[in-house]
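The structure that follows is given in the form of structure tokens.
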Amino acid sequence: MSSNTYEFNQDAALLKDSARKFFSEKFPVEKLHELVAQDPTLGRTPQSLWFEELWQEIIELGWPMVAVPESAGGLAMPAVAVAGLVEEFGRAAFPSPMLSTLAATYVLSAADAIGPLEDICSGEAASLAIAGSKDSWGLASTEVTYSNGKLSGTAHYVQDVGKVQKILVSAHSNSDLQLFWVDLRSDGVTLDLDTIVDLTRDQGRVSFHNVEAVPISVKGLSVLAEAMPKIWMLVSADIAGAAEWQLQTTVDYVNTRKQFDKALGFFQAIKHPLVDVMIKVDETRSLLYSMANAVSAAPEKALQLSHMLKASASDLAGFASGRSVQSHGGIGFTWECYVHLYFKRQKHSQMLFGDATWHRARLADILIGPVTA
Amino acid sequence: MSSNTYEFNQDAALLKDSARKFFSEKFPVEKLHELVAQDPTLGRTPQSLWFEELWQEIIELGWPMVAVPESAGGLAMPAVAVAGLVEEFGRAAFPSPMLSTLAATYVLSAADAIGPLEDICSGEAASLAIAGSKDSWGLASTEVTYSNGKLSGTAHYVQDVGKVQKILVSAHSNSDLQLFWVDLRSDGVTLDLDTIVDLTRDQGRVSFHNVEAVPISVKGLSVLAEAMPKIWMLVSADIAGAAEWQLQTTVDYVNTRKQFDKALGFFQAIKHPLVDVMIKVDETRSLLYSMANAVSAAPEKALQLSHMLKASASDLAGFASGRSVQSHGGIGFTWECYVHLYFKRQKHSQMLFGDATWHRARLADILIGPVTA
Amino acid sequence: MVDMQRKDTSEQARFRDYCREWLSEHHPGEPEVRIPQSPLEIMTVEQMDYLQRWQKSAYDGGLVGCDYPVEVGGGGRKDLQRIANDEMLRARTPYFPNVIGLGMAAPTVLYHGQDALKQRLLPKLFSGEDIWCQGFSEPGAGSDLASVQTFAQKSGEKWIINGHKVWTSLAHFAEWMIILLRTDKSHKYDGLSYFVVPIKSALGNGVTVKPLIKMTGETGFNEVIFENLEIDDSFRLDELGRGWQVAMTTLLHERGAGDLHVPRAGGLKSRSAHTSNAMSLISLAKELTRDGKRVADDPIIRDRIMRCIIREQGLSENQRRGRVTELLDHPMRIPLQNKLLSSEIAQEIASLAIDIEGAASSLYVGDENAPAGGQWPLAYLNSYGMTIAAGTSEVQRNILGERVLGLAKSK
Amino acid sequence: MVDMQRKDTSEQARFRDYCREWLSEHHPGEPEVRIPQSPLEIMTVEQMDYLQRWQKSAYDGGLVGCDYPVEVGGGGRKDLQRIANDEMLRARTPYFPNVIGLGMAAPTVLYHGQDALKQRLLPKLFSGEDIWCQGFSEPGAGSDLASVQTFAQKSGEKWIINGHKVWTSLAHFAEWMIILLRTDKSHKYDGLSYFVVPIKSALGNGVTVKPLIKMTGETGFNEVIFENLEIDDSFRLDELGRGWQVAMTTLLHERGAGDLHVPRAGGLKSRSAHTSNAMSLISLAKELTRDGKRVADDPIIRDRIMRCIIREQGLSENQRRGRVTELLDHPMRIPLQNKLLSSEIAQEIASLAIDIEGAASSLYVGDENAPAGGQWPLAYLNSYGMTIAAGTSEVQRNILGERVLGLAKSK
């Protein structure tokens, strides 16, 4: 933690600012609702609903390659800049493969996988296929295996898989955990979308039936271990941005809505919990930039800060969501009100890549040391 | 749980009612403050401060032998009646060996120790000396040993030991944990009072140097296991009574004190937490009478209900105390205000014989089963 | 299970035996359709038909309305509804669909209606043939219920109603509505009057019912719009201008704090949906794994499940202590906690279930791999309906602080 | 440890080197007397002497007041106090006793006092020779500060003061008091004016200081009673009737939200008392055992310690982010959280420490067997002073909700 200012420089500020303007102009929340909430039917067939044209514009702006190293033709911006950008994706709850692609980028960078990184620079989106059906937060939870040069098995909880071309697969081999780069359109690959709560994302299972794949690394565990803190950072940034939206939207509502001849915000039962939401947003944001800065400035602190960060962010996601609906009262419980879109996205993010308790347990192993037998 | 009314009969109601009147007439809170709070000095030499004359009156009323079986000359009242009585001791925060004597009574009854029970009926007060310096909540935590017919070692956390004549000692022997009845004035017994936070109690260490003792039971563990649910009930009843005092005293204050031209109770930041205190008091009280009733009506449920009860009571003790001081503002932080007396008593009771987490862990072992390896 | 029977009077004991016998013959069996988590989410005619048939059968059997007078279609007995409820819970019957009728309309009509109206309305309410709904909330009147604006204009012996009610559960099935109307614009509280309104017969003719969709994707509540609906003055309950007092009777019973024991069945869902209580979290935690171990072995999850179980047990023991006057302080202290606590405990339970499920909590109803069929995320979303509807938790705490603790009014 | 130096300007870097060198020679060493947990609990003359000597030495060394103008006794430099504070923390020096003087009085006098007054008062404030206290609260004016009644009656060029202040920390040592007085009874806010008052010289002659005892048994704050105390009009800060605005300057700095960096030392206590931060809970939990295992192995305790550490880290990162304008929204959003969070985190930490200690938490300061010398129960009790004094947590949340989020005023 060497910098007072996180090295959040002009480029980073400019990037964040343009993303904010981009979404506020092109993707106001009404558009989000229109896009993902046409069909309220409980148990509806899962779909991947997004504005591909806007994603194309984003590709042209170069944002998906913001974290790709220069050696692979990327923009190589520091983690603080990426965090700032992703906050804006969260604030807009923008349905896209941005997080997944950035996550893949960090793994590919750790593996020094130039070819796949070039795919990303060429505009292909990617996602991580590293989770099994159970224990999905551990690094070795995959149920895919690699033998005789082929992948078999099923990867679970693959994020935004309906919007990507490539997946980064972890698979158990005889020796170790290995990583592969797979085109979703390859022979032997089948995709089943899950029916999920979150309307702003999709998620699915990818099954492999003797699939040929491009090997990326034979040291899967150490590559994933290097990348995960940055992946937790991404999800936390998304949560922070979405939570600030929840806060401001709710503040606007309680300033407008009157009961007992007073704006709802007059009542401390409404006011004080919203202050607590603000406090938690700030805690998460401060930890976010501190962690992002540590990636380059104090790498030895990055892991522990990333656990602090995701623990804080996961708690924030749950708390801000609950308060946003409750403070909106009956209106907040309806499909027509926008808060449920963020509520559901946040509940998804809260669990994604580890909930708060899980991250605190990892942090305790670092700061206290493992439990003695 | 067989009864809708807990068998809380007229006798029980009468007992509770007379205790309430007794304390409100003879021991208003001003008297408590005068008695225990003369000397505020931090780190003062520990003392046992109490009105022995009132305790003599209580002996004459027969309350200390309320739980002693008829076979030993006691009143043999059901646990619901005892719970009701102890609530009133808690409400008055009355410094006395009542809880300790009742606790000893339940252990002695489980051991069928007629002689010592008769001591209690004759007006002697007693306390449990069953805890070691560490792990003091387990049944076998004692650091006293019994060999060659003599007790040696030190018993810790002996409650109200400055006010009792007898102690019930658990000691490790070669075979098992055994129980003994010891007169504090015996040769080889030394008593050191602890400097404790709670001003309404005393607590101490009792050391044994080859002390001869009356054996009560060679099955110490099973006798203690039988008695402990009732002992947890006693502490919980005390907490419930004290918490109701905290609630009502704080309600009175916030109804009187004005800020911003409004009674403090107008503000939801004051009002809603007090409602939550009330809710927690009611949870504890309802579990209290349910558990007490189960002692006779559904003994197979008594253990799990007692863990629920003490967990609920311990949480209540901490929460009600915090809110009582905070809602009183600056006044509540002074030595002259009575709330700190209850605050300190409750923090003591919260930990006494197991905190909430400890009891929930025991409950989980019953309801979920032990953790699988 | 609580075994209530030891304290039965001999009349109650006989009735309990009768109920058991009747239920062993007339339990409607497993439903052929999916039954939602509560009657407020009934969406289809098939669901409603099945449930109405069951309520009718239970009414004919004498298990519904036993404590109401014979003249209004009741059983004319005393303190027997509780016995019937016990036994229906024990027998795991479905719930009754006419939940607003039984829980809110019936006591209000009984206490405030004229005899002719009672005799006309209550029998079909008990039998479930007439479903009831409640027209209280409006777009501008939520927590501040007394600010309702839907107006009834006197016109001879008739009233002309115009306005807009919201969150009206079951309105799409309802024959009747209990409604709080403004009859005088110059007084906030004293300008309110209380009526019953036949809405199904007026659909398209002064009444429009539009379904609202919940954040879960389910329907169940509605907007109800009144445009020049004409009703008779005989549909008024109690005096003109006493609407607020009548509404208090309704709300007390809604919050489980009324003196009439509401007919209630509903043990079925605890078997079918697995989302009813804290004990069901134990089996969920035993089925799922994390870091290679059963979630049920995680000490933090164990602790949190125990917290829920203790709260739930405490609430149920509250009911029991509520019957021992020697152990009560203020008479409304326990009853007014019911709604607040049951909704908040349900929310805490569902929230914990989601934490137990972890990543799998992303899977919703309809996903074949979702633990417990995705019912827990659904229950968590629905729990906000419970902490908001029928007086938000914030309003409940005001009521408790003001009416029970005597603190100054917050508004 | 945070290593700040990489971003130092060259002037800051030079000053940092100077501070390190100076401290290596002038660190006052371990105190010969017990130093309480915070300056607000200083009780004895011996404690005060030791701490005043240290502050004087640091002032003479140039480590106190470096960012204040030379004319008022400051160092006339810019953005160097932060460097000095860093280094004093690092060197684990004792804290400064004149905490109210440095934190509240100095910025207020600087911004609102006349030149002559500044030049007279500030040098001895910085050196610690003159201890300061704050006369804001009164028996009837706590959270509602603007309702103070202590009255200043104009009498020629003098003012006659009568009234009663409470919770006046350090008044028993103080030479001077900053005071909020009513000069006009007909306006609540505009009837207030702000003065500095020499109280030590008036003791027994218009001023009485009576110690109040805290719930811990410690003293440290006082009642101060004014009976016809006459002071000169030159002791007024800012215009007549502008007292409320001046008080805001004081409160902003008290809450850590002012723009002047307050001279602060105090690393010593983190070594001696072991009750300063969440990390110290780890060693406590490693020392103690429960059920035969280290408490530090209990997963629930581990989780709770991590919660505290994360909150504490978040608060410290807030300070850091507060210097990056691109990442801020409202300018007061982070500064106004400081007092609320630091007091509530301290309370949570102390509460957890008590749970870690278990039965041993019954043992208080003075008991030889008390873990950490009984400091944790003491810290827990004292934490309520922190969540109450200087604006209760409830008031802080109002301020944040109203000034930062723009919500309607709750009063």
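All chains are identified by letter, namely A, B, C and D, in their written order; residue positions are counted from 1 within each chain.
Just so we're on the same page, contacts are C-beta pairs under 8 Å (C-beta built on N, C-alpha and C of every residue); 3 or more make two chains touch, one makes a residue touch a chain.
The structure presented is a predicted model; accordingly, all values stated were derived computationally and were not measured.
Q: By CA centroid distance, what chain is farthest from chain D?
A: C
Q: Looking at B-D and C-D, which pair shares more C-beta contacts?
A: Higher C-beta contact count between the two pairs: B-D.
Q: Distance between chain C and chain D based on Cα centroids, please, to the nearest Å.
A: 53
Q: I'd like the Å distance between the centres of chain A and chain C, where a centre is the mean of that chain's Cα atoms.
A: Centre-to-centre distance between chain A and chain C: 40 Å.
Q: At least two partner chains per residue is the criterion; list those residues in chain B.
A: 262, 267-270, 272, 357
Q: Where in chain D do residues touch two or more other chains at once?
A: 299-300, 303, 394, 397-398, 410
Q: Give every residue of chain C touching chain B within the complex, in rising order.
A: 2-4, 6-7, 279, 282, 285-286, 293-294, 296-297, 299, 302-303, 305-307, 309-311, 313-315, 317-318, 320-321, 323-324, 326-327, 333-334, 337, 340-341, 394, 397-398, 400-402, 404-410
Q: Inside the complex, what are the residues of chain A that reach chain D?
A: 1-6, 8, 12-13, 16, 84, 247, 251, 254-255, 262-263, 265-268, 270-272, 274-276, 278-279, 282-287, 289-290, 305, 308, 311-312, 357, 360-361, 363-364, 367-368, 371-372
Q: Where on chain B is chain A touching in the complex?
A: My answer: residues 267-269, 272.
Q: Inside the complex, what are the residues of chain A that reach chain C?
A: Where chain A meets chain C, its residues are 40-44, 46, 131, 133-138, 157, 194-198, 203, 259-260, 262, 267, 269-270, 318, 322, 325-326, 329-330, 332-337, 340, 343, 347-348, 351-352, 355, 357-358.
Q: How about chain D: which of its residues touch chain B in the complex?
A: Touching chain B: residues 137, 142-144, 147, 166-167, 212-218, 288-292, 300, 351, 354-355, 358-367, 369-370, 374, 377-378, 380-381, 384-385, 387-389, 392-394, 397-398, 410-411 of chain D.
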